[in-house]
Amino acid sequence: MKKLSPIIEWFTLLFCTGTVLAFLVIILYDLISSGLPALSWKFVTTLPSNGMTKGGILPAITGTVILTLLTAVVAVPLGISCAIYLNEYAPDHWVTRLIRASIRNLSGVPSIIYGLFGLALFVKGLHMGTSVIAAGLTLGLLSLPYIISTTEEALRRIPASTREAALGIGATQFESIRDVVLPSALPGILTGVVLTLSRAAGETAPILFTGVAFYITGSSGFLNQEFMALPYHLYMLSTQHQSIVEVRPLAYGTALVLIIVVFLLNLTAFYIRYKHSNNE
Amino acid sequence: VKIKGSDTEVNLAVILAEHFYKTDTHRSLAISGGGSGLGIASLLNGQADMANSSRPLTQEEKDLFEKRGIALKTVVFAEDATAFIVHKNFPLDSINVQALADLLSGKSKTWRQVTGQSTPVNIYGRQNNSGTYSFVQKKLGIQFSADSKEMNGNAQIIEGIKTDESGIGYVGAGYIMHDSAGEQGVKVLRITDSAEKKAISPLDAQAIAEHRYFFQRPLYQFILSRSWTKAAPFIDFEKSKKGQEIIRNSGYYIID
Amino acid sequence: MSEEKIKLSAAGVNLWFGNKQVLKQIGVSFPENKVTALIGPSGCGKSTLLRCFNRMHDLSPDAKIEGQFLLGKQDLYNRDISVTQVRRRVGMVFQKANPFPKSIYENINYGLKINDVPPSERLGIIESALKESFLWDEVKDDLKKPATRLSGGQQQRLCIARTVALRPEVILMDEPCSALDPISTGKIEDLIRKLQDQYTIVIVTHNMQQAQRVADKTVFMYLGEVVEAGNTKDIFDHPQQELTANYVRGHFG
Amino acid sequence: MKLAARESTDRLVKLLFRATGLLVIMILGGILLMLVWNTVSFFLKVKPLDFITGTQWNPTSGNARYGLLPLLTSTALVTLGAMIIAIPLGIGTAACISEYAGKRLRNILKPLIECLAAVPSVAIGFLGIVFVGPQIADMANQANGLNALNGAILLAIMALPTIITVTEDALQALPHTYREASYGVGASRWQTVRKVVIPAAAPGIIAAVMLGVGRAIGETMTVLMATGNAAAFPKGFFHSVRTITATIAIEMGEVPYQTTHYYALFAIAAVLFLVTLLVNLVGEYFVNRYRKYQAA
Amino acid sequence: MSEEKIKLSAAGVNLWFGNKQVLKQIGVSFPENKVTALIGPSGCGKSTLLRCFNRMHDLSPDAKIEGQFLLGKQDLYNRDISVTQVRRRVGMVFQKANPFPKSIYENINYGLKINDVPPSERLGIIESALKESFLWDEVKDDLKKPATRLSGGQQQRLCIARTVALRPEVILMDEPCSALDPISTGKIEDLIRKLQDQYTIVIVTHNMQQAQRVADKTVFMYLGEVVEAGNTKDIFDHPQQELTANYVRGHFG
């Protein structure tokens, strides 16, 4: 028994960690090995053609970029200021507790329910119709709780002594936040924002009913129009397209581009975090 | 112009739009698939200008349009033949309507009646808002078995059948057009509606033109009257020579 | 002892964090241009009391304060004095040196900017503040260097300079040497003795010897109350209370 | 004068920040209100009891059925499967990262886990179709791999990063003193991990599992693409199932607004919301417990 | 002084965390059945040195240790003694009481189980360990109570009981009273004096008075080096080094 124990120990640990890593490796290997052949400069810079069996995925890429930018415009200022309120100003009473509870629960709400909410509020209620703006707002709401909690986390890591340093020489609270707290928390906040946006860029369910389309001729470009997006394009190519086998390479290509976009955002976040941790 | 609905028609619409865009770059078309129900619902909801549909409006829908005061124009722009497909190794080439009804309704749970083998029947169908789904149900006068898989698109059905030796599914003609020789690994069944008549393939253009295939149907486009001016150039394009050629090349039929 | 002018005082102070009473009926006074040490075991409320004098508790919503705090004749919690004014007049130096993550120059300049000191005067003030804090010679060629690169003792002196630059009337120091080595500690103690001519100083310390070295007066607190206050010499050599005696002789804490 | 201006800016900004805080409550309130409103409309047309106990979901046939049970059971089945896979793997991996890996290895493993978390759900669903599905079909000798098992495996992959990171946090948050105490009496590392560290971190681990469950229940695209979506009552892991999320995704676009079917979809969304809320609350309860525990 | 038998000793010890050398050429010895105090300013390496003796650093991959550690004549880092054996023979009590989040009974039982003590003997050992630690009377009716519900002082005594139950030869204590009130501190000091008859004890403390009260020998460390070691009385009353004198008189730390 005593002799066996180290063997069980190492087997268990290696098995668990190995399996988890294997998942990642398989995912990446499959996507890269099958997606790479489809990838070319032309693939990311041209319109789809020939009933989407040829050509590129430019509109899906621009759609995703615009959508992500919109998400950022909605969620970043709101999220950061809400986090500042919670962490710097809010007294600990029932309203604050309610806000915090709301945020925690909002981040657990399934994304498809945000889709419904976006449909009911933006598409229907505010008469935006199915459009980039409606989808962007929906994703913005979805991202809000994540941005708030990561920002709060970053603010919380700033020690009280930093704030006191500013207050102690007669800065107002707002000045201490603007001049001392926010600059110190910036790397943490940025990391959170970038990670959240990478999540938003990969979301599909919330845009299903709020504005994404299968195919758009020309470039859309207007906020009140429908749009194409990478994740939805992948979904359609892999489930709905007429000649599913013919477009499989394109689907792999799309998946690879999507993963690259998301991973690039993640890398940015890691980089910010890494640089920051080195500075300390 | 937002065009929505009908998985059967969506790929056709995409190709038409692509070519239309070459002749007219001012108009932007946004096309989404889903079932026919999706298109019609989107019209009702004000989220589309034009709905593709592989079935006519139901009475219920007509009432709804009336109630909401929405006026429509209807265009029939092509004819489709719904094909029944099985795995390429399947021992039969044709089937009669009655047997189909029994299989799809779940009355026969195995293939015994048809092929003599008692392998279970796996039904690959469409989701319930699909025009094809309701079209087949209506034609056969049945309710689909609750065990049938509800795929989101024709393509997924083909995918399923390819690997399933005891599966059966139905798809629009356009989906099998590319694949007459069975390179996709599926076989298209010929259909008879009574024992004495000869079984007909959905790929048989002649028979379709003569309205002899059991599961043939017109493909509709419903257009909001108030969007008609926006949509008209596209409709005109469909009717043009170039448009008609595209429709035929995509595996659909045109009946005048 | 000579007649003393009281610069800063508190009377009838009770303070609660939530339901927990941390300060109980405190009355203290700090004479002008003297150094007063605040001693007592960990958790007895020394920092809490100190922070009342520059209204640092204004930001903790669960702190409830009762009592009167006077700076000269001015009620520190009165409506007609704003909290930023209070903090400018009553400066504070914290236990752990907390320079801003900016340059040495900017660390002092920030307070001047905030408090509307005209730019033309700033350089002069910065220089003299650094000189007063015995830091000038060590940093004068390097004012653009990030303050975080300074040693712990230098950082603490920078924090003192930053406070001094605003010419407060009182300087509160909360264990300013607890994180420092003997040499830096010595420098800061020298500095305290020098600043005493111009400022009223209150210093919290855990180090009995330090209290004896720098303070004219000593206040001993225990469990939120002031047990004994008086001249440092008396407190250490002839404490009136047994509790004080036990504490200064190191029986607990 | 200038001071007064600074102070009024301060007050104004504070108001502004507070307004954004309130906005967040309004969003949650709005989501709740929307769900409740539409669900009530649904219950005006369909008896709640029929909805809750119905075993058929078939909203478009002439005689429409709105039975929740098959959808709920499907969701439960897929989630259960995912957890059976993800919980042991997750805890094992977290223990490995937190208790065994050196600093350098941890600095490699953690970002890798985050990469796994970053893979979008469509991409995972896509792999379910092109890779996992066919593999399952092959191995289990099934006609088709689009079934509950496929969904469970994919959801396990999606829930794993959450479970691993939260568990790892819980293990890390455990005061080092517990480990020292155990080593101090001569226990080996494996004994310490199993008998002291994991039990002491139990509340945090439960929280991790709950968050993982929440993630799995609410996931849409992967199940939509990989589970076959048969609305029949689920019979096992090798059958196609259709979860609540997939049902909403499939049918929402296709219903005319303000019809019974439309309301029905909000009603199942409300059920989904309640379930995830409950799961999250339980998770949070345990998170708080382990926080308290740390403080003690 | 009488002839002393050395129980535990170290010679030529150097220790690095990463690139940072924390212990430098340390040589110390601890006589059998005596209490030795380890004093020195914060960060000088007291805890680090203590932990070398029961090989607690084995777990930190970035710690690099040089030198010889002897328990009696046994080399503690030799291949033929396992780390679990070392830890059983050299018990440790930590600064903050760290009972397992289990019952009082289980807290002591765990170590016995781990070390393969037959179940039939365990109850007896647990009882006598609790008695030796002066805790038995306070907890005997409540052995199933969670240990976390005990007061800080009781928890610390439980930790001592847990160590004593394994009959180690040496007990290392790292600031065992720093978190305790004077009464609990008194009890633990009594306990230490009593345990001294059977065990060799090394105690790290910040409290000069405590060192004088309980220790026969004292070792003063500074910046990773041993500055002076000897009888407690000599160290405090007639230190040979100025550094020692400064420290014991409270000039820094």
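In order of appearance the chains are A, B, C, D and E, and numbering begins at 1 in each one.
Here is the rule we use: contacts are C-beta pairs under 8 Å (C-beta built on N, C-alpha and C of every residue); 3 or more make two chains touch, one makes a residue touch a chain.
Everything numeric here is computed off the predicted structure, so don't read it as measured data.
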From chain B, what is the lowest number of touch steps before chain E is reached? 2
Moving only from a chain to one it touches, give the least number of moves from chain A to chain E. 2
Every chain in contact with both chain A and chain C is listed here as D
Fit chain C to chain E on CA atoms, both being copies of the same sequence, and give the resulting rotation angle in degrees, nearest 5. 175
Pair of chains whose C-beta contact count is the highest in the structure: A-D
Let me check something: if the centre of a chain is the mean of its CA atoms, which chain is farthest from chain A? E
Maximum centroid distance from chain D, chain identifier (CA atoms): C
Centre distance in Å when chain A and chain B are each reduced to the mean of their C-alpha atoms: 37
How many Å are there between the centre of chain D and the centre of chain E, using C-alpha atoms for each centre? 47
Cα centroid separation between chain A and chain D, in whole Å? 17
Would you mind listing the residues of chain D that make contact with two or more other chains? 6-7, 129, 188-189, 253, 257
Overlap residues in chain A, where contacts from two or more other chains coincide: 124, 172-173, 175, 239
Enumerate the residues of chain B that touch no fewer than two other chains. 45, 151-152, 159
If two chains touch, include that pair; go through all of them. A-B, A-C, A-D, B-D, C-D, C-E, D-E
What residues on chain D touch chain E, complex-wise? 102-103, 175, 177-189, 191, 195-196, 199-200, 293, 296
Chain B-touching residues of chain A, taken from the complex the two chains share: 48-52, 123-124, 129-130, 212-220, 225-227, 236, 239-246
Please output the residues of chain A touching chain D within their complex, sorted ascending. 5-6, 8-9, 12-17, 19-21, 23-24, 26-27, 30-31, 78, 81-82, 84-86, 88-90, 95-96, 98-99, 102-106, 108-117, 119-121, 124, 141, 144-145, 148, 172-175, 195, 198-199, 201-205, 208-209, 231-232, 234-235, 238-239, 248, 251, 255, 258-259, 262-263, 266, 270
What part of chain E is in contact with chain C in the complex they form? 181-182, 185, 207-209, 246, 249-253
Please give the residue numbers of chain A that touch chain C in the complex, ascending. 91-93, 159, 161-162, 164-173, 175, 179-180, 183-184
